[in-house]
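Input: structures, listed below.
Next come two complexes built around chain A: one with chain B, the other with chain C.
After this line comes the complex of A and B, so read on.
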């Protein structure tokens, strides 16, 4: 079983969300790191300044190292935050004053040289951890240089408080930017996929028989798809066109030999004197006639199916169309002494439709009426407007419907149960019904009052 | 600014056995006064308070605290500020609350990590300058004043600034000789704190010390003694006396005048902390909360004569300078700095 492909939109949104999340985390970490470093640099600066201020008060002398511990140096350390402060002054490696157990920078290393800038290091001290700044100086005691080291230490609770505050802000910033990016991702996913949706809508909106190439404006990424689609449409159109040609060819190839056979049979009938031969020839002519009609109807039906898939709609005036078809049936009607009465064709009645199809439907309707009408009866062909509809009614005095409706009789190759000796393929009403459907119209069959059938063929007016 | 060259070990003799921050102390706590306030209800627990403040002053506050907490007995131990510091820093005695007016020593206890953090609704109300981290909390602000005897001045104008004071001392040396009192910073922690903070505020302290030194000043270790000697007429004036002691005692005395000098008047913060190794830190914190709460503040003002922390009062009197609770206080506790200061002080005072 093939796994359902993940929705493009979902896939895009998930990936954009992932990118947004990664960027938000990077943002958070960057802000934190930078802020931590800035806070530490600030505190180191103050600590270093205090250490240097103390170192500057170192004085040599005859007896020992002197120191006037500056009040401000310590006071300033408390100004940024209330942190604990420790200090230690060593002269010649021996503690001079302060906290004797404060760790020296060289514990485990060498002596730091006299330096202008303080050295910073972090060490555990007593119950806490401290940041220590150490600076070395050389002081002359009794003309002998004595190395002195000043160490000032400070706890970093203030910095930790700042770091915690910054972390909160950074987290809020990260979450905020993620939310913003997520919202934008949704919009982006929508806008990126909109051309695809629009293309799908445009193709979907087409009628079932619209086989034009897709020329909808599409982004370059969709061109291969549209190109393939158009290639497919072109092949389909070609196949349909070949089918149409085939049907026309087939009809032609069947009808032409049939016409030849009929002509020869009629000549033979005229020349023949033998009654049994003449009888046989008449049967041949009737059969050929019927075959010819069936071939015609098959052709008609195929045409209807083909054309109703790709309806070429144009304004059609029904009045001359009806007159023309009626005129075409006049010779056949005369043979049976049928009166073909046409009414309502004085004024034009315009519908939107496919002229060959409408003509084919009308011809089949009349053909049916003529075929099933007893001799010396009348067929009423009426054109009328009824509301927004053009209604063509064909009423005959034939053998009626014997209870079957238009729906059943319109089934393909279905003939009425009372068709009896009348020849027919059963395709005629199917054609009529399909043409009506293709034009958005309606085809109904009713029993006529006083015997016979009334066929109603209605189409929306243009 | 006096930058002083100090030879190491020069002033060992000046310390007079005051083992300071780093001094080892073998002897046990020397108690001035100890009193047990029994629980008013059935006793549940005992709160141990170590304090520099006399029992008589805080007694009413303790009684009120016990009325609120019937099951609590209070053992109130009074000792000198050095003793109090040593009991916590060196001996690690398990007191539940330590009250001291020696801000510098209290600061050192807190800085060295021996105080527990206390945070409550009451401590949140303290202004920033009245606490350090959440380990040291001030509950009273006391001015350091000049007290004078009108009779002794004999018509001289009351000095309002140190400059006035220096002038009348210079102009009338015979009158003031032997009749000026002040703290001996070598012996008194409070005196040392006031003197060192004076040097931070203004150079006029050293001029005053110079003038005073020529007038054979009497040196004291307690404010009470100076107040008593002023009342008996032995002193005409005493410099750097705790206002909270002088105020109530001299209020009824028409002769004595309590003066908050206008150039600046140091303001001491009386602080409390809960030691890290307290047996009942919850009780210590509860008593601190009571001191900082409305009832405790009212009792301190009305019964104990200690002005509670009041930022508005300071704002109205710009000459009041509260000593800052910050690591700067540690500087004068440094053994070299202390030796240097005391030798300078001694040299100035004994110039002639």
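After this line comes the complex of A and C, so read on.
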């Protein structure tokens, strides 16, 4: 089994969402790192200043190192946060004052002593972690240089609080930017796919018989698709037109010899006196008539289906249409001495419709009436308005319906159970009901009072 | 009636011509549009029976050209194309009527008559027998000063008998021309029409005589 291809939209949206998510995470991490570094730098600045302030106050002497602790240095530290402050001063590697368990820097005292700027490091201390600034100085004690190291430490709660706040903000920023990017990616997917949808719509809106080339404005990327679509349409159009030509040719090649057969059979019938031969010739003529009628109605039926799909609706005046069709049938009706009475065609009755289809329906109704009417009866063809409907009724004095309704008799190739020996294809009423349906109309068959059939064909008035 | 039959299929043309001659019509044949023009230049016709697919052109173009040129000899198109659209097409081009192949000759004749009647053509087809003047085109008989209308089957029956007065026509011969081949007809049906026609001919001296066991003939005293 072939897997259904993932929709372009889904593909695009998933990829854009992925990119948005990665960018949001990178943004979050960057903001956090920068904020952490900034907070640390602030603390280091203050710690360094305090350390240097203490180192300034170191004094040499004859007996030892003197120190006047500058308390303002500690108050600076206290002002930036409520963190606890520790200090330790070593002279010659031996704790002089302060917390003597405060960790010393990893480097040797000599290096520290040589540097003017403080060194910073973070160490665990007691129950917490502290940031420590250390600076070394050399003090002369009894004219002997003694290395002194000053360390000032501060707990990191304040900095951690800042970091947590910044992290929250960064997370919100990351989520916000992700949401924004996601929304934009949905819009982008929509706008990128819009030309495809428009093309699909334009092609989909066409009726099955609209075989013009697609000249919808399309982006460059879709042109190969449109190009091959048009190629396909052109081939289909060619095939259809060859089929139409073929049908016309076939009709010609079949009907012409059939006409010869019929004419010859009629001539032979005139000349023959042998009753079996005459009966055979009559059968030949009936068969020719039946096959030509079937061929004609199959063609009509195909035309009806073909045209119903793309109904070319235009205003049609039913009155002259009915008069014309009735005039066309008059000679045929006359052969059976049938009176064809037309009423209601004095004034125009306009409907929206396809004239050849309406004519085809009307011809089939009249054809049925003429076929099934006993000679010297009348067929009443009436046009009337009834509410918003134009109603054509064809009433004959034929053999009626034998209990079957329009729905049954309109089935393809279905013929009434009382059709008897009358030649027919069973497609006539199918054509009528299909034309009615295509025009939003209605086709009904009723028994006529006093015998016969009344066919009612109604269409919405224009 | 005098027909010009334009049909390129030799078999069909021969059959149709023979069939029309059996009914007493004159028929000239043309197989191409060129021959058609030659015939029309040399003689005049009551009706042209025109096929559409011809070797040297489309019958519809010929039809349109004739009408454009103002020549209005009635034209009935014989078409093998039965589609609705084709039918509308030929009438719009100026054809008087059309028949779809294969056609019923009785119907063709009825259509020809209808076309000529519609055109108001004064044909030299009025036939006289005894005190009877018969106009098949208008479907009337005149007896003295009285004009009597004939129904279609009475008209055709009289046409058959008038074609050869005195000759006996069998019931079969009459049946073939009066009824469609799809109908099952009893001998009784013919008698009904004979009876009616006799009443229409009353007082003209013309008489339809029953030849027992054979058929009917038209006689005058």
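Structural remarks
Operating definition for what follows: the second predicted complex is superposed on the first by the 308 of 462 C-alpha atoms of A that agree within 3 Å, B and C clash if a C-alpha of one lies under 4 Å from a C-alpha of the other, contacts with A are read in each partner's own complex, and residues count from 1 in each chain.
We adopt the following convention: contacts are C-beta pairs under 8 Å (C-beta built on N, C-alpha and C of every residue); 3 or more make two chains touch, one makes a residue touch a chain.
What you see is a predicted model; the values in this text were computed from it and never measured.
Residue contacts after overlaying the shared chain place A:30 against neither chain B nor chain C. Shared-chain residue A:157: touches chain B; no touch with chain C. Legend: residue contacts after superposition of the two complexes on their common chain; A:402 is shown touching neither chain B nor chain C. Within the superposed three-chain model, A:241 lies out of touch with both chain B and chain C [touch as defined at top]. Between chain B and chain C, more residues of chain A are touched by C. Contact with chain B, but none with chain C, is seen for A:63 once the two complexes are overlaid on the shared chain. Of the two partner chains placed around the shared chain by superposition, chain C is the only one that A:335 touches, whereas chain B remains out of contact.
Legend: residue contacts after superposition of the two complexes on their common chain; A:289 is shown touching chain C, with no touch to chain B.
Contact with chain B, but none with chain C, is seen for A:97 once the two complexes are overlaid on the shared chain.
Chain A meets chain C in the complex at residues 248, 251-252, 254-264, 266-267, 269-270, 273, 278, 282, 285-286, 288-289, 292, 295-296, 299-300, 303, 328, 330-332, 334-337, 355-357, 359-360, 363, 375-376, 421-423. Chain B meets chain A in the complex at residues 3-10, 110-113, 132-133, 200, 324, 326-328, 330-332, 334-337, 340.
Looking at the complex, you find that chain A touches chain B at residues 57, 59, 61-75, 77-79, 82, 84-86, 89, 96-98, 126-128, 157.
Considering their complex, residues 9, 11-12, 15-16, 18-19, 22, 53, 78, 80-85, 88, 97, 100-107, 110-111, 113-114, 151-153, 170, 172-173, 176, 180-182, 184 of chain C touch chain A.
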